[in-house]
Structures are given as structure tokens and as C-alpha cells.
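Letters A, B, C and D mark the chains in the order given here, with residues in each chain numbered from 1 onward.
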Amino acid sequence: MSSYEKVTDEIRSIAEKLLKEEEVEKIIGFGKGLFSDEVTPIFVSRLKDVDRLIFSPQASMSLAKYLLNYKEQKVAIVAKPCDSRAIASYLSEDMIKRENVKIIGINGCPGIEDNSACQECDIRNPVIADYTVGEEMSEEEIQAEIEDFEDEIEKMSPAERMEYFRKEFERCTRCYACREACYVCYCEQCFTESNQPDWVGESVKLNDNFTYHLMRSMHMAGRCVNCGACEMACPEGIDVRALAAKMVRAADEIFDYKAGLDPEQKTLLSEYDVNDREKGFMDE
Amino acid sequence: MMVKKVNKDGFKELFNKLKEEYNIAAPILMEKGKKELIEYGYVDTFEDIIWDQQPDSSPKNIVFPQNSYLGNDFEGHAAYDDGQPTIILGVRSCDIEAIKVLDQVFIEDEMYVDENYKNRRDKTIIVGLSCPERQSSCFCDTLGLDPVESDYAPIYLFKDDGNFWIKVKDSQYEDLFNGLEEGDQDKLNKLLEERRAKFKESSFELDIPIPLPEKDMFEADIWQEMTEKCLGCGVCTYYCPTCYCFNFFWEGEDGESQKYKSWDSCMFSSYSVHASGHNPRDSKDKRYRNRIMHKFSYHPLNYEGLACVGCGRCIDRCPVNLDIREALKMTEEYLLEKGGAESGKD
Amino acid sequence: MEKTDMLPHKAEIIEIKQETETNLNIKTFRCRFLDEDVQEEFDFKPGQFMMVTVFGVGEAPFGFASSPTEEDYVEFSVKEVGLVTEALHNMKVGDVIGIRGPFGNGFPVESTDGKNIIFIGGGIGLAPLRSLINYVMDEENRDKYEKIQLLTAFRSPEDTLYCYDYDWWEDVENTRIKYTIDEPCEGWSKCVGYPHTLIEDKLEWDLPNTRFFTCGPPIMIKFVTNRLKDLGIEPSEIVTTLEMRMSCGVGKCGRCNIGHYYVCKDGPVFTMEQLGEMPDEY
Amino acid sequence: MSKTAEFEPKIATFLCTWCSYAAADLAGSSRIQYPPNIRVMRVPCTGRMDPFLIIKAFNEGADGILVSGCHPGDCHYLDGNLYARRRFVMLNELMQYAGVEEERLNFTWCSASEGKRFAQVVEKAVNRVKKVGPWQGFDGQGFAREEGELVSEQL
């Protein structure tokens, strides 16, 4: 696994080179604010700010979504392996232009502090990158990291699971930080804003919250890269990622499908295979 | 004006006495998934109350809950909850000033008084608390607030290590505290002065005209850069003690449909989108401009005083820690650069 | 008569007029309050608006289309665009809706005494103007004003509104009523073309002491007001009414603001002079 | 009768117009008896089935859902049901993981000639839903019911 300091230095040197040679106008990375020392996304366009770029255990946000604001500009982006999968899936959906993006991929990603997604992360090297930092992690090392992981919720009975999610979603204030942090959610008008048909009620009663999270998680089928940005963004500490992680595991087990592995890959639900398994059907 | 002084046990006794007639809300530790946050909640045991740390969210949801039931279509009169009155204990100056902003908008406006809010607010007694020390992201004194004491709360507490000083400014509540030992007013003032001096100098200076010049700021080109990392979610408005924008929603069919009022956020796109699809504020930088201008220009123009109390919640709870202090600094630089920021109405 | 708990009065629909059907679906609703003394006391100024509640569905702002002189009912016109408007369009005579209001500042009626008036209304924008037109054309008030001219603009002959008023408007003395549609269409003998192109040759626009009232789609308001300014009309004499997303109607819920002005409380009627000072956030 | 015997589940049923709806017609015209608990909604193809419709059906008080379309391979639109198949598998996984009992979610294929099979499918679905009892809503508050009959007639 690479160390944060080594990754930080390499990012800075690459960033300096890119800005000096004017290959890009802006570097999207992580850094500290002026007044607070929390590590959050920053946008470096001047050489003197290159030293603000940091990679630390707090670099939790998925930066890929910011690329949608710079479609016509040349930008570089610091990409954790999960972010690189998000970028690959954007490329497969023609949301961004490959020639406008320089990807600085992080090999052997050391993970994000108390981000439950990193415990089950099985892809720790970027799937697509122009430059890479840190040392690559071998498959064995990756498997060693996650072999003792098992999902607690899966072991519960349906009633216990329902109770668990009710207790979690009761606290939801519908601030939609999970939706805005997620690379998948870039719709112009979200289903939550539609009142014809009225999919989700506007109250923050448990039923509407539960429906909102269920419906949003259904969009994660075959597209979620399990980066945990939604969970890290939630001000109420809700286990938002649980349902989406189930989608990731289900796609892997049933259809042997992982999201965002390469830009040519089609998304899970936008193609089919004649002999797909019909798991859960009445007569299977 | 009456000053009482009690030790910890004396205050606990007072707490238990008050608990019979009042619901008491105070900062308590709330377990939120893997996070543990200090928030205002209804409390039964005195020991649960946390005094020395600024709560992670404000008492806004007690006086102005996220969903409040207004009434239904067959009775036609407003639904008032006739529960016990509430005491909110341990409210710091920033949150008291925030409630003052809500009162300005919903009660003190001569043209329109919001019954739903007024009914709830009249049954709430705010008990202030002198702020022990600055937290990482608060800057209330930069905006002219006095962290050590606010005169908007009828009752004010000063807690040093062992004792609770109770300063009762509103005579109607004096009988709640009779039978307690008198406190020496000068000694209390001395303690307040000491704490005020001890309040370490804030690292955040700000020199902007209030209200911010409307047209200059509107055409400023700083908003895009300022909100580059903003996700466009609604956390800053939902956890801001002075954000009071709301919307209505209905439940149930005709004949027994109920009308509710719920929080709304100017950071959401459906906040100002027209039926035709046109949206005067269609991107997050325009919305954040509206948010900053409402707090530092529009509210001072329509009412008086700022609609920001420098509590720092929008910084701490924001997923990307968008710092309102950085935004204000950029505004200050822009106005200085633009040559002599003339204050007052544009 | 300020009901301060944001709950509506109940009102019954007593008449529904289908204005247009082919391109846009516009109906005009005439309602009476169920509670007699609410109907008695209910008064409003032309240019004000009300929040109409469809119980169990939602609420939306509509300008008064009837004049305050028509005392025993209120009228408003609805174009079917969304949830509440569709629910309204599915209603029939006798159904009950909720009305909250009146809200907003309304047209500057008093300061228009003794002036010439020119109305330029486009599409559904004619609805709020109609409240003022019927008010000034009413025999009680007609003599307070000099010449009254009206230019109504619609997309096509099938999109005209309030046809049943045209004869009455034309009969009132010292008035000039012009109707226009966007493109020529056989069987249409009146004017053709966008309203801002017809001002010079179809209206006596240069009478001294004239006040202009215009309302319509934002694009039309922009062109008409710019053309009037080019013709040298004082911005303070060009009055329009704006449409914004609204919920409370009393300047509290925060969404309808332009700068620090709340369109529902400080508007919806503004003069071009006022709009000039405000940031163009609409 | 004891409470459970009384419980007559309401099953939101989405039938593809070319096969399963025709199968239902065939079952009816050939007088094949099957439980009356299903509330049929016709969809042009299971490919049109938006997962939200199923979640909304539960929010409107349905105790279970039954979705049936043409057998894979003979879809009128060639591959509508093939797309739908993956969607239903993932939706099924999600709903069960969220705590909805698997008996409430019934996905199957019925071709136009299988009137008998359609009746058996409905029978099986109704029994499966009866086994798990009335649906209490995602928030557990349940729905207004008068003696087992769901009040809100939206379904």
C-alpha cells in the first residue's frame, strides 16, 4: 500500500509539470482550506498553489463529478482507484471528452479514514490513468486486505434488516448531500423533483425517506463504484452506502459485472445476455 | 434584574423541579450511526446535558421544526400543539441571535405574523449560556456578536467550574427561581469581563459594508470561483440556524387532506423553477450568491441586522467544508479592488 | 381580513369557461366563497393575486382576472402546465377549492387617474390586465381616465382569450381595441405581427400623460418595454407584472426574490424604473 | 373466521400486453378459476417496467406484486424482456436486502397460449403473499384497512 506522503509529493511534482507545460488549465485535487485544516477538494490553476495539493486519509469526496463542469476545458484530476472507475464510466457514457482530461491515478490506494467502503474495496489500482503515483498493489495484497470482510447486514433476517434501515433513514433530513456527492447522480431533473408522477413525498417522514433511498439505490445497479462518498457526505452519519453496496455485490455475484472497468464497457442494465440467470424469479 | 447562584446539585434540583411543568431541551450526545454529535434534544436526566462544547446543530428544529402540521381542509382552523411549554437550556449567543432573526421574520413583521411559528415560539423560554471558549470554525465576534452574553434571552447562565450563575432579566420568570441563594451581581460582571478578555483574539478579521451593495455584488465574477467545490446540496441551509425558507406540501386525498410546512433550501433547483421550466437561479453559484446576499444584504435591507451569526455550522457540516469565511474574504477583496466599497443602500 | 395561518378559505366553482383548447388549454374559473361574510368582505385591487389550493394536490398563485367592481365572485384563468393546473382543469362546476389572499401590491390605480392608458397584453398575460381593463372600463370609473387603448397579442386565432368581452370593450367610448396574432392566417382580418412591432402604427402611443400596462411571456415584456423606452416613454410610466415561483405569498418563504425585493410582497407589479434598479435576476 | 383466514392480499400485477395479458384473457375466456386478488395493469412490454412503479405500488398499499411478460426470446419488441430480466433481478436483490420478504416479489414469464399456467402462477403468487401477511409499509405504519379490504381504491 502506498504512503500518503509519497503519493502527495508525486502528485505535486506531476501537477507542477502539467501546469508549467500548460498541458492543463486546472488541477482538481485535495487540499486544505484557508481557515480550516480539513482536507477537501481544491482547484489549482496557479503554479504557486501546487503545494496546497495533499492526499490524506480525509480525501473522501469523489472528484470525478467536478469534471462535468469542465467539459470544454483541459483539466487534470487526482483519481483514487474508485474515482478512476467513475471517470471510465463517464467516458463510456460520453459525458466527458478523453482528450480534455489528464488522470493522475493513485496506485495501491491506502484508503480513506472511517470510510466503510474501503474495507471491501477490491480494486486498488486505477483502471485508467495518464500518470500514476504510489506503488502498484498486487492481487494477493488486495485479497489479503479484504478476505476477512463480511457484510453484517446480510446475516440479519429480513425483519431485522427492515428495522435496521428504518432506524437509519428516520434521521434523514433529505438534504440530498448523498445524491450531490455521488458521481452517478448527474440528472438534470431528479425523480425527487418530479410531481407528475409524484414518486416521493416531500415530507421527511420515514416512508418518504425510505422510498427516496430505495429508488436512488436502484440507480446504483451496475453503476456504483463503491467509493463511499455518499456515506462520507451525509451530515447525519446514515449508512447510505449499504443498499448501493448490495447492488455492487449482486452485480458481481450474479452477472460477474464490475462498474467502470474500462471506457468501452457498457453499463449492466443497458445490455443483456440471452442466458442471464433469473435469480429470485418465481420458478427459478 | 435578579442574579442567583447555585452549585451543581442546586441546579440539578432546579432542573428536576422545572421538568414537571416544562419540556426541557438541551445539548445532549446523540448517536448518529458511526458519528456522535451534540444536538438539542428533549432531556430527562440532568447529567446528560453537555455544557462545555458548542452543539453541532442549533435549536432551530425545536422552534421551527422541519415538518410542522398547519391544519386540514375540513376544520379550516390552524392546528396548534397544546403540549407543555418548553425551556431550551444552554443556548449560546450565536443561537440566541439566530432565533432573534427568526422572530424578526415571523413575528415582528407588522404586515404578516406567522401564527404557526408564533404559537410555538410563545411557549418556548430561551435560557442562554455564556460561551466558554471558541470552537474551530466559529466567528460570531467578527460579526459583532458578544459570545459572553446576549441580551435577547430572558434568562442567562454563566457556568464556571462549580457554580451556575443565573441572571434573570425578564421579571415574569423570577418566581421560577425564588428560594435560591442570591448571587453578587458585581462578582458576576467581573467574571463576565474576565471571560470576555480571555476570549482569545479571533484569527478572522472582516471589513465589508453591511448591507453589501446589491448590484455590485450581483454582477461580481467571484461567485463561480467561490463555489467551485460546492456540491449544490442543502446541508448548509438545513443546518444553518438562521435559514428559515420553507415550502408547503399536502397529504391525504380531498376531504381529509392535510397541509404541512417544511424546510426548503435555496440551494435546491426546484426552489425557484417556474412551471415553464425557466429558473432565475439555475446553477449553484447563482444560488450561493443568493444565500450570501440574503444574509449580508437582503435581510439587513428588509429587516435590520445580519442574518448570519457566525456559528460555523455550515462549515463543519458541509461535505466539502465550503467555508463562508473564505467567501466573505473574497467579497471583501472584490469590493476593495472595485474601489471604495460605498456602504448603505445602493 | 388577514388570515395568518396560511390556510385557505373554501370557495365553490360556479362557472367554468373554456377559453382555448387547440394549442394551449386555458380555462377561466369563476368562484364564490362558501362563507357569505367572507364573500362580503373580500376586496382586492386589480393586479393583485391569490393562492388557489386544490385540496390534497397543491397550491399555486393566480392573478385576479375579474375586476373588483364585479362584487359577488372572483375569476382567474388557468393554463394547464403542471400538477395543480391539471387538477384544476379536471374540476367541474360545484367543486370546492381553497383561496388565500389577496396578495401583492396591485396596479397603481389611484395614480393613473386622469391619464391616457395603453394596455399591451400577450397570451395568458392578458388575465391580470383584464382585471384592470374591466375596472377602468366600468361605467363608475370610466370618466376618471382619458383615452384607453388595448393591443392584445395571441399566437393564433384559436388562442384568443376573453372573446366575450371584446364587444363590450369596443362599445365603451373613447377606446381603441386592436388584436394581433403572430403569423398571418386566413379568415383573420385584424392585425398581424408581434406586439412590439405594431406599437407605432396601430396605437396613438405619443399622447402626452400616457401610462402603459403590459404583461405577457417574459420575451414579449422584454421587447415591448425596450421598444417603448426607445420611443422615449418614461420608464416610470411603463408598468408590468412579473411571474415567479411562489409558496407563501407574503414574503416569508424566500423563493420569489429579485435582489432584496420579494415579488409577492413588494410586487408583482413593478414599473420599468424600479426594475432598472433591481439586479436582473428574473 | 380468524384474522389470517380473512386476509385477502391485494397484488399489483403488471402484464405485458402481447403475452401475459393475452394469457389472462385466455384463462378468463376458458373459464379457468383463479384467485381474484390480482389488480392487473397492462404494460406494452416488461421492458417498459420502471422499478419505481413497483416501489410506488408498495407505497400505495399493495401486499405483493406480480410481473409477467413474454418468455425470453419471443418478446414482441425482440429484447424488451431481456433488458427487464436483469432489472428485475437487481430490483429483487435490492428489495429483499432492504427487508421486503421475497414472497411479495413475483416475477415470471407467461406466453399468450398459457392460460392454465397463468392461473397457476396467480394461485402460487397469492399463496406466497398470504404466507407473509399484510404489507405494513416501509415505515411499518400499515395502511387503513376495513376488515382486510384495502380502503384506498387507487389500486
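General observations
Basically, a contact is a pair of C-beta atoms (placed from the backbone, for glycine too) under 8 Å apart; a residue touches a chain by one contact, two chains touch by 3 or more.
None of these values were measured; they are calculated from a predicted model.
Once chain A is left out of the assembly, the remaining chains are joined by touching only within these groups: B, C | D. Chain centre most remote from that of chain B: D (centre = mean of CA atoms). Between A-B and A-C, more C-beta contact pairs join the chains of A-B.
The centroid of the Cα atoms in chain A and the matching centroid in chain B are 34 Å apart. Separation between the centroids of chain B and chain D, computed from CA atoms only, is 49 Å. One inter-chain figure worth recording: chain A and chain D are separated by 34 Å, centre to centre, where each centre is the mean of the chain's CA atoms.
Touching of two or more other chains is recorded for residues 58, 82 of chain C. Within chain B, residues 247, 249, 251, 253 each touch two or more of the remaining chains. Annotation for chain A: residues 205 touch two or more other chains. The chain pairs satisfying the stated touch condition come to A-B, A-C, A-D, B-C.
Those residues of chain A that touch chain B in the shared complex are 33-36, 38, 40-43, 61, 65-66, 69, 114, 116, 168, 171, 173-177, 179-181, 189, 193, 201-205, 232-239.
Listing the residues of chain A that touch chain C in their complex gives 195-196, 198.
Of all residues in chain B, only 32-35, 37, 66-67, 136-137, 203-204, 228-229, 231-235, 238-239, 247, 249, 251, 260, 262-263, 265, 268-270, 315, 317, 319-323, 325-326, 329 touch chain A in the complex they form.
Residues 2, 4-7, 9-10, 53, 55-60, 81-82, 85, 98, 218, 243-245, 247-248, 250-260, 262, 265, 277-279, 281-282 of chain C are the ones that touch chain B when the two sit in their complex. Per the touch definition, chain C reaches chain A in the complex via residues 58, 82-83, 86.
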